[in-house]
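So that we are looking at the same thing, I have put the structure below in structure tokens.
Going by the order they are written in, the chains are A, B, C and D; count residues from 1 in each one.
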Amino acid sequence: MTLFAFVIGVVFLAAATLFVVGLHLMRLPSTARRGNLISAGGMAIAVIATIVFSLVTANGSWIGWLALVLGAAAGAAFGIVRARTVKMTDIPQLVSIFNAVGGGAAAAVAFADFVLHSSGLRLDLTSSIPIVLDVVIGSVTFSGSLIAAGKLQGVISGSPITFPGARIVNVLAIVIALAAGVFAIVVGNNVLLLVVVLLASLLFGVLMVLPIGGADAPVIVSLLNAFTGLAVAMAGFAINNQALIIAGALVGAAGTILTLQMAKAMNRSVLAIVLGGFGTGDSSSSAPDDAQDLSNVRELTADDVAVQLAYAQHVMIVPGYGLAAAQAQHEIAELAKLLLAHGIDVKYAIHPVAGRMPGHMNVLLAEANVPYEQMLQLDEANVAFDNCDVALVVGANDVYNPDARKPGNPVSGMPILDVDHAKSVVILKRSMRPGYAGISNPLFTDPKTGMFFADAKKGIADITAAVKEYVPS
Amino acid sequence: MTLFAFVIGVVFLAAATLFVVGLHLMRLPSTARRGNLISAGGMAIAVIATIVFSLVTANGSWIGWLALVLGAAAGAAFGIVRARTVKMTDIPQLVSIFNAVGGGAAAAVAFADFVLHSSGLRLDLTSSIPIVLDVVIGSVTFSGSLIAAGKLQGVISGSPITFPGARIVNVLAIVIALAAGVFAIVVGNNVLLLVVVLLASLLFGVLMVLPIGGADAPVIVSLLNAFTGLAVAMAGFAINNQALIIAGALVGAAGTILTLQMAKAMNRSVLAIVLGGFGTGDSSSSAPDDAQDLSNVRELTADDVAVQLAYAQHVMIVPGYGLAAAQAQHEIAELAKLLLAHGIDVKYAIHPVAGRMPGHMNVLLAEANVPYEQMLQLDEANVAFDNCDVALVVGANDVYNPDARKPGNPVSGMPILDVDHAKSVVILKRSMRPGYAGISNPLFTDPKTGMFFADAKKGIADITAAVKEYVPS
Amino acid sequence: MIATLFGNLAIFVLSLLVGVEVIGKIPSTLHTPMMSGANAIHGVVLAGAVITASLANSPLGYALTFVAGALAAANVFGGYVVTDRMLQMFTRRAPAPSAAPTADDQKDPS
Amino acid sequence: MIATLFGNLAIFVLSLLVGVEVIGKIPSTLHTPMMSGANAIHGVVLAGAVITASLANSPLGYALTFVAGALAAANVFGGYVVTDRMLQMFTRRAPAPSAAPTADDQKDPS
């Protein structure tokens, strides 16, 4: 190790420290943005130090650098444009795509290192083992994340996709990948073997994610995120770059913990999700419009709802998956503002797993300029329901199902919003169909509940128009 | 690096992981004990691995091993006996002594490594720099911790000790230590220079801690604890042992954070303490028994107190520094048990800085078999005071001084126990003298307060005896 | 060789420990941005693409460099920008051009 | 030489980061045992004393070995034992031989 390499190494340690400080600050809403910027600073330092190191120590050809600059420019442009223009409802799939490309890049780096040595002597085990691990993990995460993104986007069906013998093909793919990997390590310089590893791993990634229900996709994306971290760390071992090892391991471990916390907030087990267990069906497809008994239901019109809201003092909005699906966050924010402007107290009750992924509902409402203070988390909201005149539920079903308090059903034990403590309840959804958990909600037929059947976006706009009649501005 | 050294290194990493897991678990009372045991397991692994490594790689003389075994046996015996027999009130000084010996050991290890190379070529900078740093930090922490222990024990006066020109001698000592250190590094094999470093550092440690008030000693002990961690890490650099580097850095950083948290809980600044700033006087010595106006004071006898307690429903005990000083924790626990046995609800309100160091009061009461559930922390206690018939304050003064709610005095802004919310208050102390902060407490002359002047141990015993009269068992 | 491997292994293990500890109890509110922020950090693989570029000496090598560079840059730039966009929404205080009566928004800053 | 130094430096820096992160918000109740527990960990300098012993080759070396061994062993054994003693008090449920009516203690297990 030269003194120069030592100095570069110390710079990497500084960058690593910035990553850690950044992640640490991201724990709290108030410091999170600064944390992300500090982390980006660490990134800049790590990449620039590597560029300086490479320019000084390796006399690569200009073609390589050109290829890098072109590639990086294209990638950066794509990344920035997508990041800037993405609709907030589509965040989960974009994160998944960025995750896919990260895994792909890690695999490509390891592959290139292998190719470089393929003509000469066989590689040392300390290089070949991480290379093969990187190609396996990186490829799985690449194809798996793309499939997950497709499911979240709706390009690929959200319901579990299986075919006869899928499990066998799955096992076969991973066995082939690992066997070819072991051969590649033993032989040490056969590119063809590594190509087999690559292809089998890509296939495995696809087959692993296909049977997972769309609603579980966020957990899988988070898990694959952690995997990418490990792939990057392996790339670091292969090319002996400490910045990659540190950052990769950091994300690998932090991502794993985050995945576990997320799964816990969703009341799911990571293992059950990966193995494609219970409840993978998406609500809308699993429960067809069967003969629902509407006799006990009090149906409301937009006008009825508007009257109730206009004469209330405390209104609580309960957004659910349907609000996100209909992209009605701007409409609901507008309604809330209208009510607030007339002295009505409006708050949002946000369940941890309302929306398409944990915490996503907060991002959506934040996009619609809802102040952070108006978003009540579960515990705060449940205190406020006791004092609430009208609870306006939009496109939600499970997150306030009172049956969760009883044992023996799919939502048993899940913490819920105490919507039934409000003086009166308005539920806006398109039909009597159940939600993700597939069970009906007894609150639909409660005397204090009125149902307003409509698409969320359209329905809220109608309510807003009607409210304007009662509270002319 | 041999394969064998590699394996030993991996074992060190496993030990490090156990240390981290152990510290992590020590965050919560329920898992803390397990955490400490896991940490001890890591320690055993690290030490045994080092023994195996040394036996295999170095062919040391049997005299060295004999010296080690004899020394270790003596040290272990001393440590275990002291740890087993120490009174819980004396914990702070024992921790300080264990800290001192740790620092001393680190200095000795570095010194020995320097001596080993003194006859030959001059040492490499990568060894000599950590050696000198280790000797400086280790010696400062050795002598400093011993002085702190002496202050806590009362062997050395708790009030700040200064003499004319102390500051100059202090600066001189550190300048000499550093100058000799730089020379030692440059020369690289002169033991005499290192002896100068050692002596000057020992002197500096003494002079640094002497001017610090006894009540601030806990923060200094915690800070020196972190220093010892750094000294041990430096020893690790000197002898290239990763177990020492990891564990030392871990304790250095964790100890620093803990010191900051502790200082914050005590409403003190670490810098102000080290520089020997405001309020270093110990209560008992700083405020002599000047003519206190007793005319507004309602004095009680043990019998009066006993009647109040016997006919109360909810009693809150507020222990302070005086309870610890009088070692009356067993007496108070006995009184509480007596009351509890007669259906009276008794709880303890524990202020974070009551006692001789943060958290010490909890340890003391735990020693007297007070169940953890009966010890209310600040926030819980303040809710309970509203419903409390008698608050029995024992040897406390500042931690419930209502003047803390007003600006412009030494306790302003300190969170306090709302003892004044209780229906009636009994204060047990020896006199009207103020406490650590040196200001009087308006509650002493409040109509609902009665003062019972006595030594805490004796006074509580008297109350207990009197209570037995009223509630014969 | 083996000394380097040990150094790298130690770095790996300790970084794992840091990663585990740095994630405190995150409020579920922040799960989405936190995941995105961690995602951006593994974009450091861009540094790996730089090494690849400096060593590439064959058409396949150049192609892989291009691919690695493009994918990694998308990860790192996209990741940080989208995370920042999300987090900025959490901190901003209704600066939007909407005609809403902000006075009412302010009256409840609890 | 310099490779070893870098490895050790990286280990040092990352361990510092772990140390900072592993200390969460400790309740002040646990400040004393936590400090004692951290104290015990730096007793790992006992491993340093072992190295010293294996290399010592002079009377001064033997003397330093003895001193280092004694001090380090006191730190490590005393530190763990006293911490355990403290923590055990926090977890035990009044198993003491005192004649106290434990039924009353139990009635408030909140």
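One rule holds in what follows: contacts are C-beta pairs under 8 Å (C-beta built on N, C-alpha and C of every residue); 3 or more make two chains touch, one makes a residue touch a chain.
Fair warning: this is a prediction, and the values are worked out from it, not measured in the lab.
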| message | Can you tell me which chain lies farthest from chain C, using the average of the Cα atoms as each chain's centre? | response | B
| Chain pair with more C-beta contacts, B-D versus A-D | B-D
| field | Cα-centroid distance, chain C relative to chain D, in whole angstrom | value | 36
| CA centre of chain A versus CA centre of chain D: separation in Å? | 41
| task | For chain A and chain C, let me know how many angstrom lie between their CA-based centres, rounded off. | result | 14
| field | Junction residues of chain B - those touching two or more other chains | value | 16, 20, 24, 242, 246
| note | By the touch definition above, chain D meets two or more other chains at residues 2-6, 10-11, 13-15, 17-18, 21-22, 24
| note | Among line, ring, star, complete and other, the chain contact graph is other
| Between which chains does touch occur? | A-C, A-D, B-C, B-D, C-D
| message | Using the touch definition from the top, list the residues of chain D that touch chain B in their complex. | response | 1-2, 4-5, 8, 11-13, 15-20, 22-58, 60-91, 93-94, 96, 98, 100-101, 104-105, 108-110
| said: Under the stated contact criterion, what part of chain D meets chain C in this complex? | reply: 3-4, 6-7, 10-11, 14-15, 17-18, 21-22, 24
| note | Touching chain C in the complex, chain A uses residues 16, 19-20, 22-24, 26-30, 32-33, 35-37, 39-40, 43, 46-47, 49-51, 54-55, 57-58, 60-61, 63-65, 67-76, 78-80, 82-84, 86, 88, 91-92, 94-95, 98-99, 101-102, 104-106, 108-109, 111-113, 115-116, 124, 126, 221-222, 225, 228-229, 232-233, 235-237, 239-258, 261-262, 265, 337, 340-341, 343, 345, 350, 352-353, 357-360, 362-363, 366-367, 369, 371-375, 377
| Within the complex, which stretch of chain C touches chain B? | 2-3, 5-6, 9-10, 13-14, 17, 21
| Of all residues in chain A, those that touch chain D in their complex | 1-3, 5-6, 9-10, 13, 16-17, 20, 24, 242, 246
